[in-house]
Amino acid sequence: MVNIENENPRYIKASRKFHKDNTVIKIDNETVIGDKDLMIIAGPCSVESYEQLIEIAKRVKKAGAKYLRGGVFKPRTSPYEFQGLGYEGLEILKRVREETGLKIVTEIMSVDDIELFEKEVDVIQVGSRNMQNFDLLKRLGKTKKPILLKRGLASTIEEWLLAAEYIMNEGNPNVILCERGIRTYETTTRNTLDISAIPLVKKVSHLPIIVDPSHASGIRWMIEPLSKAAVAAGADGLIIEVHNNPDKALSDGAQSVTPDMFDNIIKNVKIIATAVGRSV
Amino acid sequence: MVNIENENPRYIKASRKFHKDNTVIKIDNETVIGDKDLMIIAGPCSVESYEQLIEIAKRVKKAGAKYLRGGVFKPRTSPYEFQGLGYEGLEILKRVREETGLKIVTEIMSVDDIELFEKEVDVIQVGSRNMQNFDLLKRLGKTKKPILLKRGLASTIEEWLLAAEYIMNEGNPNVILCERGIRTYETTTRNTLDISAIPLVKKVSHLPIIVDPSHASGIRWMIEPLSKAAVAAGADGLIIEVHNNPDKALSDGAQSVTPDMFDNIIKNVKIIATAVGRSV
Amino acid sequence: MVNIENENPRYIKASRKFHKDNTVIKIDNETVIGDKDLMIIAGPCSVESYEQLIEIAKRVKKAGAKYLRGGVFKPRTSPYEFQGLGYEGLEILKRVREETGLKIVTEIMSVDDIELFEKEVDVIQVGSRNMQNFDLLKRLGKTKKPILLKRGLASTIEEWLLAAEYIMNEGNPNVILCERGIRTYETTTRNTLDISAIPLVKKVSHLPIIVDPSHASGIRWMIEPLSKAAVAAGADGLIIEVHNNPDKALSDGAQSVTPDMFDNIIKNVKIIATAVGRSV
Amino acid sequence: MVNIENENPRYIKASRKFHKDNTVIKIDNETVIGDKDLMIIAGPCSVESYEQLIEIAKRVKKAGAKYLRGGVFKPRTSPYEFQGLGYEGLEILKRVREETGLKIVTEIMSVDDIELFEKEVDVIQVGSRNMQNFDLLKRLGKTKKPILLKRGLASTIEEWLLAAEYIMNEGNPNVILCERGIRTYETTTRNTLDISAIPLVKKVSHLPIIVDPSHASGIRWMIEPLSKAAVAAGADGLIIEVHNNPDKALSDGAQSVTPDMFDNIIKNVKIIATAVGRSV
């Protein structure tokens, strides 16, 4: 076993040894990440159309989400799969933000988009596949945007914190970690949610950590119990895939919940949140 | 991904398709497994002496445990490590049961001990290393004792349920599953607690499932957040290593909590239990 | 990384530090394990009938095998799968041995069979699922029979050598290790052949190590390249599943080769063996 | 198990179904990849100085290597580790190429360097961490350079071939696959060399595949047996870390061999190569 409570961690700026208080990231007075209130991000895997997005956005906002997720550049395993709407999708995200007030979270795939994303996006997501794309990390470190850094699919906790360190070392302290399941021999679920990562990260780092039960499980009905477990273990938020018509989703339908299911998930997560002194 | 909601599971007696209601195992009126009340098992990794065990037993009973764990035959990786007190340890367990009223849970290593364990032990534990020791499973299937079947360290959910099926198919329906962490590339923790296993097992099987956060993490301070997560995810109980002097424990000291820590764990687990409609 | 060249290994009798020369196990003058000549074991997954076994046995003998494998007690994942012919299968193995002169290798599942196996079997196999069935290991340590100890499906090299130590520490030095693939996230093959285990074991231990490409890959046509790789890496032998009619085999048909394929495998393995100073 | 011999693979251009003959990539008349002659790449993990590189280059050329590796932009886990000499390192590589005639192989980290690398480098390496950096892959697909695509540390064979497809689908057919070990629970070696990947890739794809025993094992003395195994299994080449003073290497010293060791490795690999109808 690696000694996580090492006296001399390889990460400095991400370490709680050198920054005792929890990092709190403030987007505006209403949307603050890493405080008592949980960060709830919801929305479709991919932005498919304005009609789709506005419908989902209104529902998740009503249920309690303050952040809208939606992929416009999609990192798909095969080049022949739907690659996202691209810049057109970003325009849709912006329009829906304007109409709902939800902050937007979307994944960046290319360093060429950093300037645009810095201007237009509220939280920039770095996906699992790019967790050690050091060129991308360093350049995001030169912005001041909140970066949602997903754990690589076979990354250790230390490698993940060192990826955060790449961003922080360039001057951007606003990193949010996201546990999204790791790859193991067990294939009943899409990935294995590493629930222990939550208390571990909270112990050794001051950065906020949220959980993605959708990618962790790949199974719609499992989002609720995993969300409750994540909050009970100390997670600072959740990112959940919601689709108005999951069975017709252009990507990740099997793991997307309906708006009705999302209402129910949030209702039950609130009970756990209250039990551990948090709020939604 | 394996389709866990398969129409034709390979396990029959363990399947919820063929037995819709939750299995409830009654030891006596006070100790019922699989109902609303959580099964809390606590105690040292190894029984070391009467003095050690009685001290721990009184404390964990006071905190709310109804079951006392304690290894007397220990499956140690090396033949040169402490192998347990053997039958002498069993006598100590029995004496402490008599004095405290706690039910006793201990691991079986040899088919030759089945007759004795059937007579003397309340819940017989099958350890991870023996999860597919089919000779042992079949013979335990001929008893009526509750069997605590730990998941093998690299077993799939399906293999685990089929191991339960080996016991049930011989006539013993009293199987309790125990998730204790799986082996993955991540070595920051001793094992990776597969929290998804809980809702999965509850979905496809009617058997009770409890969680062992001690072996899952190998880290003392992590028992509390993992216990809370397990209960939030729907676990039917917990098995926790408690030692009066963890740093001097003959085995597994690093993951054993003190009685004071255990008090606190149970206090906080109760809050989560209440939030999800369970009790301790 | 674990330091395999540790000054103080936890295994003593299995360590090359305490026994510099390779262990050589002599069954008779013709069949010696761990010397220059490779140990070639071949035969069906399960003994199905005398007719099946004698046909396969004659062919594999002609191709160069000196050992006949054949399961009679089968460790099947499900209790509803074919469990082997039991003692009747053992009688068939004995009869075929008498008629062909091949030594017989079969798996033990129960401590109750040790006395019989000690008398009747030439090499006793301990399967992956029982690698840490310490009760079984200790009792086999009281015999003098060669024990073929398969690696557990998620065992580290150290755990495997310590399992050998359990046998050796009771007085039986005749342990043959068998690498049969480990469980990883990669499911294109049944398991992942850990080819590095061969030079590692040869470095830190004096025990012979053979390779099971059939279980490692689960794919018939892959047996040949993996066998060649194993011998090139320094393996002391191979155990290969051969069936006269693989598509109708009662178990493991997909990974069984035909006698014709086996001829070809041995022909090509011989070329590699010669290149590395070994013989078949 | 995934069926690798699927009728309808998700990769098209990388599939042997649609391109029956082995891909052969010709750099010049002397350096052809994917034919009978093995592609031997050798050199230091990082280019450290002209003196270091020329000394190593002369030795590996004499031993039989035709390609010189050397990192100038290094993907290091921590931002505080040596990041490579950058463009200065590339100048050193070019100077040594001019003086020795060796082709140069180096890793690309940023899309901004593609134009430069296309002009100056003979084979462009994409490291494991960038195997699914789709932006980088697509842009490399617009060049005609040979791309050495390392397998991601937890990628399946299918994901790897689909990453190659991203490059090929943009118009660049010159992809060389490199198996470099996968991440598993076994930590005795740095990674687990997936030897089965070689015959699998040769079966389902026409692309050349080479092996990196240095990163696969992380252990200097293990390079030789793993190289022999790789060639016996059908690999089209090897990439080996060689350093004139491994214990003082700025990166990966523990897995770097000395020039003397490299001489010996090639001598022994030649014997296996001859045995399987290949040459060095």
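In this document, chain identifiers A, B, C and D correspond to the written order of the chains, with residue numbering beginning at 1 in each.
By definition in this document, a residue touches a chain if its C-beta (ideal position, glycine included) is under 8 Å from a C-beta of that chain, and two chains touch if they have at least 3 such contacts.
Quantities reported herein were computed from a predicted structural model and do not represent experimental measurements.
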Contact-richer chain pair [A-C vs B-C]
B-C
As a test of understanding: of all chains, whose mean C-alpha position lies farthest from that of chain D?
B
Taking the mean of the C-alpha atoms as each chain's centre, how many Å separate chain B from chain C?
34
Separation of the C-alpha centres, chain A versus chain C, in whole Å, is 48
What residues in chain A touch two or more of the other chains?
154, 158, 183-185, 187
Per the touch rule, the chain D residues reaching chain B in their complex are 154, 183-185, 187
Contacts from chain B onto chain C in the complex sit at residues 10-12, 75-80, 109-112, 129-130, 132-136, 138, 153-154, 158-159, 162, 165-166, 169, 183
Chain A - residues contacting chain B, complex:
1-2, 4, 154, 156-158, 182, 184-190, 192-196, 198-200, 203, 216-219, 221-222, 225-226, 228-234, 271-272, 274-276
